[in-house]
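Before we start, here is the structure in question, set down as structure tokens.
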Amino acid sequence: MSFVEYSDHIQDGDTAIIYLGHDSMMPVKVQHGAQTQTRYGAIRHSTDLIGKPYGSKVTCSKGGWVHVLHPTPELWTVTLPHRTQILYTTDIAMITMMLELRPGSIVCESGTGSGSLSHAILRTIAPTGHLHTVEFHQQRAEMAAQEFKEHRVDHLVTVRNQDVCKDGFGVVGVADAVFLDIPSPWEAVKHAKAAMKKQGGRVCSFSPCIEQVQRTCEALADQAFEEISTLEVLLRVHDVRTASLPLPDFGSDPTETSEKTAADSAPKQTNVTSQDHDAAPRDPGSHLGTSPSPPNPEPNGRNRENVSSRRF
Amino acid sequence: MSFVEYSDHIQDGDTAIIYLGHDSMMPVKVQHGAQTQTRYGAIRHSTDLIGKPYGSKVTCSKGGWVHVLHPTPELWTVTLPHRTQILYTTDIAMITMMLELRPGSIVCESGTGSGSLSHAILRTIAPTGHLHTVEFHQQRAEMAAQEFKEHRVDHLVTVRNQDVCKDGFGVVGVADAVFLDIPSPWEAVKHAKAAMKKQGGRVCSFSPCIEQVQRTCEALADQAFEEISTLEVLLRVHDVRTASLPLPDFGSDPTETSEKTAADSAPKQTNVTSQDHDAAPRDPGSHLGTSPSPPNPEPNGRNRENVSSRRF
Amino acid sequence: MADNGDDDSHCRIKEGDYVVLKRGDIFKAAQIQLKKKVIFEKQWIYLDNAVGHFYRTTFEIGSGGTLLLKTPKEMESSTAAKEAGADNRNIVDDGKSQKLTRDDIEMLKEQGLKGQEIIQQLIDNSSTFKDKTEYAQDKYIKKKKKKYENTVMILKPSCRILAMMYHGREPGKICHLRHDTLAQMLTLANIHAGSKVLVFETCSGLVLGAVMERMGGFGSVIQMYPGGEPLRPGVDSFGFPSHFRDMLHEFPICHVNALLTGTLNTKTKDPSIDSEKSVLTAKDVQQNKADVEQQGSPEEQSREASSVANTSDDQEKEDREKRKEAKAQERKAKQEEKRKKMAAAAALLDGRNADGLVIAGRFHPCPVLLGLLKFLAPSRPFVVYSQHKEPLIECYTKLKEVGGTVSLRLTDTWLRHYQVMPNRTHPLLLMSGGGGYLLSGTTVAVDHSKPAGSLRAEEPAPKRLKLTNTEG
Amino acid sequence: MADNGDDDSHCRIKEGDYVVLKRGDIFKAAQIQLKKKVIFEKQWIYLDNAVGHFYRTTFEIGSGGTLLLKTPKEMESSTAAKEAGADNRNIVDDGKSQKLTRDDIEMLKEQGLKGQEIIQQLIDNSSTFKDKTEYAQDKYIKKKKKKYENTVMILKPSCRILAMMYHGREPGKICHLRHDTLAQMLTLANIHAGSKVLVFETCSGLVLGAVMERMGGFGSVIQMYPGGEPLRPGVDSFGFPSHFRDMLHEFPICHVNALLTGTLNTKTKDPSIDSEKSVLTAKDVQQNKADVEQQGSPEEQSREASSVANTSDDQEKEDREKRKEAKAQERKAKQEEKRKKMAAAAALLDGRNADGLVIAGRFHPCPVLLGLLKFLAPSRPFVVYSQHKEPLIECYTKLKEVGGTVSLRLTDTWLRHYQVMPNRTHPLLLMSGGGGYLLSGTTVAVDHSKPAGSLRAEEPAPKRLKLTNTEG
């Protein structure tokens, strides 16, 4: 198992995702001799997991069963231990597209946070790209580095524990894309520019408040980023279910036979398949972005095109 | 006919709404001897309209037909001559509820604009309420007054041609509700407060830009309005239609009979009733509001509760 | 409304008033009754002390549930942002930042500390508070305030407040109708004073009350109800002046066909001599009972059951006979009352010249709409609410088929709130979908040149037109 | 990507490059071919002069359609807000504020005035411009700029740009798939280098190209296509390096059942000696032709028709024979080519261990999904796009019934842009619904303890599991 390559079988040291039921999952570090408690009972790693194919159904000690899934950045996002507010898949998908990430991309990111986006970036840029991720909180930086190792993506990422607003990304002129998720992104814009390839690239900033977006847009424009755009993506989840609607009884009606037939021939209950949506988007951090575009170091257009987005 | 009372028959001097087809309507001033051209031919008012019941189908000179509808504030909103950007029904509905308008309410409004909201307010506060509407543009104020007369609601409204930010609403201590739709609503907040009953009331401001909303919220808070809230209502219109989806052909499959049956028994075309929505809300002016709450003239809570909303 | 500004008596809370209690975003309808406990957010409250104060006054809930006038602006932002960190890099999350235990807090409460004092204690005992960013500090205070502040504001009810209350507390009871959707309904149906409006709803009377509020006591509202008694507990909560009741009529839909075909007999005094009528009323009573049972009065059921089980001697038998007779009398009186009401409503409906139709609730809207549209004059708006889109698609398709309506629109609205604060402005959650769907349109005189297939729907049209001509 | 920063050759426009032309929000895919006219926004353009310049350079379109390098920042906000009214109270709308007539403007254009010069003329000749508010002035300039500015920017294609281009220009060709929805698909299906992905789409190859872009030349993409030839005109527009083609395989779904049952013969060299195979290929060719015709090559059709009509002498007959034979040869070669391709794809599919499945398009997704899910290994994601919600509800219900999947979600996304400008910040239109719906989920090993009713779906499961075991 690795977060950038599928395996068929569960091995010692893997991180697997236990699927307990709808919207209920947990990650587990697979270790010989270890046990994991679930609400359906214990899972013994040596006998229940190791050597089994991913996707298998595992019967727990209390007789209930679960499925064991291969980790993906998306499953990780909904199961990872939160050390900070995290980015969710809806925003991650949009950021990945707006930054035009692909295998081989060199990406700078700050802050690393809980690593939710980092894993998705690594998945997309592997096997030939690299992620430079900067986190000012030491404990978090260390935990992220540890996770990258456990998830076998550490060869694709450099974690730096520094203040991106003061010290930048630690690299210059290498990045195709820069992502900012920090309280004062405008202070990091010049570092973002410095980290980018001189031919240009894209930047995306994610902020909850409109004032942050405004200041970031200004800073981006000042640094000659072009085509700055701000956007928000919201996810709506539809529940599929069946509802019964009673029919009204207008009483007997001897004169209007057609009317009567229409009323009586209909069943007393009508089944409708109906979808209800979350009253609110699932992802707590909804998404607003400014997609700026990039410095113009030469008059004839070696421009970088950028996106910055913001979180609510 | 009046905009606050239904009549059954079309009379000379009425304003009627010609319904030409889906989303296609036009208003007409009914006059003995007059003609109105439509794409289906001419309508002669004396023979085709006057004396006919509202809702009638009228055959035009080219043989096409239309329906003649009784005017309502909602039909007026989609057919009125635009002298300004106007408020649409989705926002009007929300404003009416948030301002807690009802028969008898005394309301102040500025600007009058094209009178779209004014008509809806008058409908709701008749027969015992009153609308004080202020418009700084002289031509517009005059045209609005003229329309109110034609629509037989002039007894319910006072139109003032003045600058609300400088001169206020022309009334003091009478309003249950105040509505602002002006470029600098914050400059009118103190006048809104002055116009209100001393026991309190509600205010709503409608602005396109977030900066306007921010300044208005500040001004409202300064004037001791309480429970300021900002909101936006968006309308989605669903088209109902039927779509056909071709079925794939996986080829013959002699061994898996059940599979085959499943595939072959299905029709080649499946009808789905599907709804497409406007990619964007119908009402061009979408809606954001701040629902503030009101001055606190006495320590023990004679508060006014207010709403202010803004337009995009 | 049109009162002179100096008489503020209607702005003061009086005994008997229907009011709404509010704390934060939580609302609850109540009536001001002296010495009567009201439960709000798990607390017992006596509202006695509110009498005489202005509406929108905020009270602190004292010991024993009495209301104490809250001194204005006691704290607000006093605690916030005195010393704030620039970011959260120094905060190590070890779950040990709060030194007060749950027991400590309970003790403070028992000592009678007010909410705001408890919050200050929590702040003083938090090791990380001063390192938090201003933003995080604010969030912390808000959260704690919600938990420990013990105040209640008393509001005058309105359709806006009650709609928000129901949607927040018991959305199932109003079929998840959101207040912005209700606002659209009232406007799309052109509800206003002096008109004659049909309402069919199973939303606890919220929709009916909202229509009545918008009509201000002028005109007529006919509640079409599905059988048994018309249910509208929510209407009381609006606290309407008593004359508003004069607007309100009711008609059971099980007699709609009889009314339409002219076979409805509302003249008979004694239903027992009219066999058809008798059948109908028996049915009413039966349905009524079913409804009452549904509403949850199992006592009566069990009482009846036990009385059947315990028949042993004659005395009991006689008693039972007497009770039976009294019940029969009562039932008769009720039926007579009902008959009168129905006659009045029938007279209003008979002209088929109603000005508006509002449908909302758990019944399949398609047959309801097709049945009740017949009572509208031409060129009148109607609006149908459903929690689900599918049944409204059915309505739409059916109406297109049978004709007699124009301007059909199937819509829903999204509601978005924004937080507007210096440097912290942002959109909040988008509420959508859950607010339900609306089908709206306008009636027109029915076209006679339609193909035979749609004859049924076309049939009543000339009648309708004629009625409008003669009675309008 | 991982190039050294100093080699900027890949950032420069070269002959033969696939590029995207951009003006405002309008995009168009094109190829750089010397002396070849390209039509863009109703104008003929020659792209020759772009060669050698950096991507993202903006050109002015000169007379005759040649590109001229635009001098940087020529005007921008130079005209705006020099003298602005405070509000619009003094503006009387009489439709006479612009003194230049349409003819005047056409004349200016003919005189060779550039867009920005024309706009300045319009401003100078507007009697109301200086009375407009700053906001209104800006709006005016923007509007005119859009109309009269005559520039084009040349972009390097990407999935982001092409998705926006298709959605803006020809949404019908990509089944109204919006770029944010495409972004969700690529992420939900965990598309990445080194995996084996099945794609079934009728979105002009946009989805296929997007998947290929995300795989960067590593792994395999198998395009499952409905018959005839696989259609993917949009893939060219991505301008992939040639080795990306090595990833791409194709398999006609009409052979899926044969493949699943092991009756597919891909070994035979000459299709004429294998009757079953022959039937299948004939069908292919026939479908192929139908597709080509649909794609709009009526020339060939009419040529064939005319050749039939004009047969009169032997020479012509002979020619016709020859042509027929040549065609048959060609067809044979094509079939052989096709057989080889199919054999390669079949080998990839045979293991039933694909890593991802992406379905998008106009076919009913339910049978497509159920058919193609069989090729996925357990614990692999799949995602289905449909413009309509209803067919995905069917998929959802069916999958719940047959089992073998978890984490099913039916979703759509809303996209909202914001204008962020000093004092003019506001949300723009909300794009929703029109972007389509997604059903996503993850495969699992199929459960054997299900009731008999779902046996059919359960049947292939052990096979699938075993294959995974032996080949994984």
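Letters are used for the chains, namely A, B, C and D, taken in the order the chains are written, and counting of residues starts over at 1 for each.
Please note the rule applied: a residue touches a chain if its C-beta (ideal position, glycine included) is under 8 Å from a C-beta of that chain, and two chains touch if they have at least 3 such contacts.
Each chain and its UniProt protein: A, B = tRNA (adenine(58)-N(1))-methyltransferase catalytic subunit TRMT61A; C, D = tRNA (adenine(58)-N(1))-methyltransferase non-catalytic subunit TRM6.
Worth saying up front: this structure is predicted, and the values here are computed from it rather than measured.
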Leaving out chain D, the still-touching groups: one piece
Longest centre-to-centre distance from chain D, chain (CA-based): C
Name whichever of A-C and C-D has more C-beta pairs touching across its two chains. A-C
Between chain A and chain C, tell me the centre distance in angstrom, where each centre is the average of that chain's C-alpha atoms. 40
Roughly how many whole angstrom separate the Cα centroids of chain C and chain D? 50
Find the geometric centre of each of chain B and chain C from their Cα atoms only, then give the gap between the two centres in Å, rounded to an integer. 24
Flagged in chain C as touching 2+ other chains are 389, 414, 422, 425, 427, 430
Going through chain A residue by residue, note those that touch at least 2 other chains and give them in order. 210, 232, 234, 236, 273, 275, 288
Which of line, ring, star, complete or other matches the graph of chains that touch? other
Throw together a list of every chain pair that touches. A-C, A-D, B-C, B-D, C-D
Residues of chain D defined as touching chain A within the complex: 1-2, 5, 8, 11, 53-58, 69, 72, 158-160, 163, 179-180, 182-184, 186-188, 190, 192-195, 213-218, 353, 355, 377-381, 389, 393, 396-397, 406-407, 409-420, 422, 425, 437, 442-445, 447, 465, 468-469, 472
Contact set on chain C toward chain D in their complex: 414, 427, 430
For chain B, which residues are in contact with chain D within the complex? 83, 136-137, 139, 163, 183, 208-212, 232, 234, 236, 243, 245-256, 258-260, 262-263, 266, 270, 272-281, 286, 288, 312
Per the touch rule, the chain A residues reaching chain D in their complex are 4-9, 19, 22, 53-57, 67-70, 72-75, 89-90, 92-94, 96-98, 100, 102-106, 120, 123-124, 126-130, 173-174, 176, 197-200, 210, 213-214, 217, 226, 228-238, 240, 273, 275, 288, 290, 293, 296, 298-305
Within the complex, chain B is touched by chain D residues 87-89, 91-93, 133, 226-227, 253-258, 260-261, 263, 280, 362-365, 367-368, 371, 387-391, 422-434, 455-456, 459
